[in-house]
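We just call them A, B and C in the order they show up, numbering each chain from 1.
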Amino acid sequence: MAEHLMCELSVPGRRGFQFPDSDVPEVKLPEGMLRDDLPLPEMAEIDVVRYFTRLSQLNHSVDTGFYPLGSCTMKYNPKINEEAARIPGFANLHPLQPVETTQGALAMMYHLQQWLSEIGGYQATSLQPAAGAHGELTGVLIIRAYHRSRGDTKRNKILVPDSAHGTNPATSAMSGLEVVELRSDDRGNVDIEALREHCNDTLAGLMLTNPNTLGLFDENVEQVTGMVHEAGGLIYGDGANMNALLGILRPGDIGIDVLHYNLHKTFSTPHGGGGPGSGPVSVTEELADFLPDPVVGIIDEGDESNNIPPLYGFITPPKTIGRMKAFQGHFGMIVRAFTYIRMHGPDGLRKVSEYAVLNANYLLALLRDHYHVPFDRICMHEFVAEGRWEDAPEIHALDVAKRLMDFDFHPPTNYFPLIVHESLMIEPTETESKETLDAFARTMIRIAEEARSEPEILKTAPHKTPFGRLDEVKAAKELVLCCVPQFAR
Amino acid sequence: MIIPSDLKYTENDEWIKIEGDTGTVGITDYAQDQLSDVVFVEIFAEPDETLGAGDACAAVESVKAAADVYLPAGGTIIEINEDLLETPELVNSDPYGEAWMVKIALSDASQLDALLDAAAYEKHCEERSA
Amino acid sequence: MFTPHTKDDLEAMLETIGVASIDDLFKCLPAEHKYHQLDLPPALTEMEVLTELRDIAWANDTAQELVSFLGAGAYNHYTPAVVDSILRRGEFYTAYTPYQPEISQGTLQAIFEYQSLIAGLTGMDVCNASHYDGATAVAEAVNMAYHNFRGKRPKVVLSPAVHPHYRQTVRTYTQDSDIILSGDQGEVDLKAGPEALVPLIDETTGLVVVAYPDFFGRIYDFTALAEAVHEAGALLAVSVNPMALGILKTPGEMGADIVTGEGQSLGIPLSYGGPYLGLFATRQKYVRKMAGRLAGETVDNRGQRAYVLTLTAREQHIRRDRATSNICTNQGLLALAATVYLSLLGKHGLRQVSTLCYQKAHYAADQINKLPGFELWSGQFFFNEFLVKCPQPAHEISDHLMEHNLLAGYPVGKDYPGMENYLLIAVTEMNTKEDIDWLVSGLEEVTNG
């Protein structure tokens, strides 16, 4: 059932909130600078609460059901993280307070920098980037700045595998580099011969996601990184798939020079309906000076013998690419990630990746006889299957996705990677039980059968959800993007 | 797949109709099929503007994709099709007729030699669908 | 502890997969680098971690324990209890981007409401589902203007009174491009109003950026500037603090083409700098040039009104290297916070809190202006923040008052060389008259030697 909009629920004269009266002498407001109307709703508190509570009930979420969205790592979001972020000593800190008053927060940031460096195999980390794509832009700017600092201005090409997430080529283009698409071989690895063609002095670098978006670990990764380095380029690693590698392998150890993490994927900070994320960036020793401004460091060593602790503060890296946003980063997400790492320790983190990979391979084993898996190898934390069958020609991956919703499952990702037709990218994550995976597999198998025996039920799905398929063409053509006029009275 | 024999084509799915020194440009049936429902067309080339072969003259947007339209041959813009702003769906229903995008006065007829004829373009489409 | 597997589960699963152990799943990884023992502290249980977190937090003094007049782009406002109670609903905060609209109408309708409220608040036609923060929103405006003119107008005129962090962010984003930034390198007198920017605008200018209120709290009517900008064929972007728009004339009315802003003052906690909320709104004719997510109205196949992400063909996941921006996330949950805040306060509540901020700030400025040696620099037209010239270095004053648990304001000297004696003071509804009187007497005491 559709919910009314606030412009329809608003009643003139209703009021939801009251502030205390002014306790200072009244001053005239600036004439000629005032607005006439203020188009906001008039609702009582109960109206507002009911409205948003009812809206929330229209959503599928991790808290309500399985959410195997490939490349998003929809793992369970621990509730203790929410408590942690709301501790007043964290939530009420102003970003520009003198550092002497925020030593707890700074120590926390300093340690998270170090822990992320350790997890990835790096020497320095910035917590400033606001999200994965933001971290990518940071990384690409660092690579450009590095080449520029060496007077190497010919390097204007960046290689991006054809399986890459869309943000990779978009980021590179945004920073003015020429994007060259690199094909994958028939085992899903970067094609070595295609790479060799571009290993010359115009190569700025390679953007690599490993494991890649097919969920496959590149079997030649050290050869790939070696070739790029020999040609004088650098490798940027998209760390979106770190959930497969915690405590297993460190990207820094296999030649990746810059890596971004998605705290909202690997480190359990919640997705929030689309954000906020957090995309810290780690780099090798050589690139540490180029990190964004500021990073957290020790600005006074203190004196252990006299019980004077070190003083934490902000440092501007000597060759910084500059500031990526206002203030120092998404501290609210930093607290959550800190809490997550603290609760796992090194052994717990390794277990996360081991079970993420176990769960994905288990699902792959259950489904491979019913869905074609184009790259049939042991997968990492996710795998890609095709949502199509020769003997069910009208059925597309989209139809499988829509039918899954009838069984209370969020569909897997089905708009990329582009190199697999009708792709269904499935990432269960480690927080799901065998029962959930079994139920999901049973449903997927049933849908595969329905595709042949009663395709209509797929083509017209979903049937049991609050809403059916939406008219996206109408939305794009009519472009109704707000309901402003109603409030103006 | 409709591929009129009297037109020339590019690998990027543009067509051009030559009438004397004038060329009319649009996108092919294959292109509109790949895009599916077109919701918006923006022609940013302006009358009297001179563009080269391969320069972008328009952008087409559907629900699932957006693509730039490039001139198969260079020339000066004579006319642009303003109807497409109101009725972008013409690209789907009549890609070779009412959905023409720009008319140009060709600057160099020899550029046309580099284009594909109907048979070559058909082959190009078949290779991609495989 | 968040992995539910039992030993039996593990055995059964390994058997189904057809391997002997979990290690077999990692066979193709380079052996010499595998299983590096991470040097991290050992795991704590929930009880232990909470104790540790509280200890760490205890080492911080917050803007609510201290009396704070610190602003400069982040403000200590009151967050009503309703806001967090909605944000803590798992259906909202553990959901993903609404790519499957049939099971995401909660998120989508909330985004639509957010777009409507912000468009109305700023006086613009359309608003996107948000950018990371006020600074990156300005950078996206620069990007948008550049692409709008297809690179033919690479110059951007930036008022020096736009937040220093925002200008630095724009510089970072444009460092490898042919965009030329001017206006904040001493070409313009800081004390002058927006007319001072007009001589810098020429036929190569694509965008002029100003702030409302500006970094020093000052408010101007940009109507005349907008006319000059448009006459030169360029676009005007205004970066706002939406709290001011509770009472003040909108940038839309003045003729802005783009309105960006920082939404932190709409019910979002200070949280040591983030996550915050980047506002971005524009005119209907530029809607396709705007980056970021958009929720549009439509119907489903059962005839119900519903919402869906639209114009997605512009975005990175489809256009890839032809996208004009790489943005993937929006600040979803914070946009929801702002929507709940604006809905709860409504017409009357926002006007009330905005007026309180204005009144209290003007009271504080009047009192401080009377102190010997202190001079109000921002003039009479400011919202809730103002710059004061002090008889001694501002950081000395604020350090001293810090010892009395008073955050007096932000010394602007490090961002504006030569202005080491200037202090930026912000006042909100959270400051009582007693707080303000205490600040005034504190300033007086510090400077009396």
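One rule holds in what follows: a residue touches a chain if its C-beta (ideal position, glycine included) is under 8 Å from a C-beta of that chain, and two chains touch if they have at least 3 such contacts.
This is a predicted model, so every value here is computed, not measured.
Should one ask which of A-C and B-C has more C-beta pairs in contact, the pair is A-C.
Each chain gets a centre from the mean of its Cα atoms; the one farthest from the centre of chain A is B. Averaging C-alpha coordinates per chain places the centre of chain A 38 Å away from that of chain B. Chain A and chain C, compared by their mean Cα positions, are separated by 20 Å.
Centroids of chain B and chain C (each the mean of its C-alpha atoms) stand 43 Å apart.
In chain C, the positions touching at least two other chains are 311, 313, 318-319, 322. Shown for chain B are the residues in touch with two or more other chains, namely 40, 61-63. Counting partners per residue, chain A has 472, 476 as the residues that reach two or more other chains. Of all residues in chain B, those touching chain C in their complex are 40, 42, 44, 61-66, 68. The touching residues of chain B, counted against chain A in their complex, run 37, 39-40, 61-63, 88.
Interface residues of chain C, counted against chain B in their complex, comprise 150, 288, 311-314, 318-319, 322.
On the side of chain A, the complex with chain B involves touching residues 472-473, 476-477.
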